[in-house]
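My questions all concern the structure below.
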Amino acid sequence: MALMEISIIPLGTGSTSLGRYVAEVKRYLEERGIPHTLTDMGTIIEGEVEDLFRIARELHEIPFKAGAKRVYTALKIDDRRDKEVHLGTKVESVKRYLSS
Amino acid sequence: MALMEISIIPLGTGSTSLGRYVAEVKRYLEERGIPHTLTDMGTIIEGEVEDLFRIARELHEIPFKAGAKRVYTALKIDDRRDKEVHLGTKVESVKRYLSS
Amino acid sequence: MALMEISIIPLGTGSTSLGRYVAEVKRYLEERGIPHTLTDMGTIIEGEVEDLFRIARELHEIPFKAGAKRVYTALKIDDRRDKEVHLGTKVESVKRYLSS
Amino acid sequence: MALMEISIIPLGTGSTSLGRYVAEVKRYLEERGIPHTLTDMGTIIEGEVEDLFRIARELHEIPFKAGAKRVYTALKIDDRRDKEVHLGTKVESVKRYLSS
């Protein structure tokens, strides 16, 4: 399991608001039962690394379907093979450091 | 007000675990009463853009103080001047799209 | 055609040097004739967006094959469908603005 | 010395082209004699880490001065204190691996 954070930004839409694109990203993930968390700066998704790249590629298409002519997608994948990592695991680990 | 997401990664520490560095980032922010949210992929901080860059510069120093020889800091700042934005505002906005 | 910039960072290797991993990324791209440019902060690759995600997924595996236990991959894709974009196109466009 | 890569993206401008903003970034750096390289995906700047954060903060303001209402700035800083690093150093290091 790995974690991916993805931000998908349509350019040249003439609107400073991106909420409706993020909503479609969330809808896509919910419909497929893909574990994820929305943050104020992106969407964090949990999955096998193989699946994460495939999902990223599909999410990247969302603003084009809605009419965008240029899309800027940024993602980072944290893939750890010495340990199981899930959504919430890292935040929990930090809390343990803080309370010890 | 703007939002910044920051990830601070020490390189060459010989450990795959970064939790203790993130804990120090969180401690720094708590001690100063700076509004923030920890996610599995970074720390999101709310503040005036002037302050955000200054905070980033100080957080970047944390792993060096703990002995790291190379630090890789990635951040993104989302600065909107047509509207007040706070921690949680964007996630709320997406939920409104989804329920409408 | 789109452009992707990718940085692949192995964590916990005990060395502050990443040059040998970047060299393997470059070797991979050269052997397959994939257009790319190496910069001091990442590798920029030109291709169809479909191919870029597939290449990213394969490059991400390189440090694991070399023994890394945790890999942090960051990428951004700039995909423009109103205009052909190739390696060098954007730098050229900026130079035109500067000389005009 | 450290290296910073920065990308400054105005949102909601109604144009898919960003060349003129990047041109102003380059002009800013040239006028002050700050060492930098333009790539197709960002601008790489060399400097003391203290200066890099200050420069980032000033560059971030450029699209607002040109009328943008929302700016998204992404940067990464690679700061190595076990070794002198300049523009070009890392690309050179990779070439040595490839020719050995």
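For reference, chains read A, B, C and D in written order, and residue numbers begin at 1 within each chain.
We adopt the following convention: a contact is a pair of C-beta atoms (placed from the backbone, for glycine too) under 8 Å apart; a residue touches a chain by one contact, two chains touch by 3 or more.
Computed from a predicted structure; not experimentally measured.
Between the interfaces B-D and A-D, more contacting C-beta pairs are found at B-D.
Per-chain CA centroids place chain C at a distance of 17 Å from chain D.
Between chain B and chain D, the centres computed from C-alpha atoms are 20 Å apart.
Distance between chain A and chain D, defined via averaged C-alpha coordinates, is recorded as 25 Å.
For chain C, the set of residues that touch two or more other chains comprises 16-17, 69-70, 72, 74, 76, 78, 80, 82. Chain contacts in this assembly form a complete graph, since each chain touches every other chain. Listing the residues of chain D that touch chain A in their complex gives 9, 11-18, 69-70, 72, 74. In the complex of the two chains, the chain B residues touching chain D come out as 49-50, 53-54, 56-57, 60, 64, 69-82. Listed in rising order, the residues of chain A touching chain B in the complex are 3, 5, 7, 16-17, 19-20, 22-23, 26-27, 37-42, 44, 74, 76, 78, 80, 82-83, 87-91, 93-94, 96-98.
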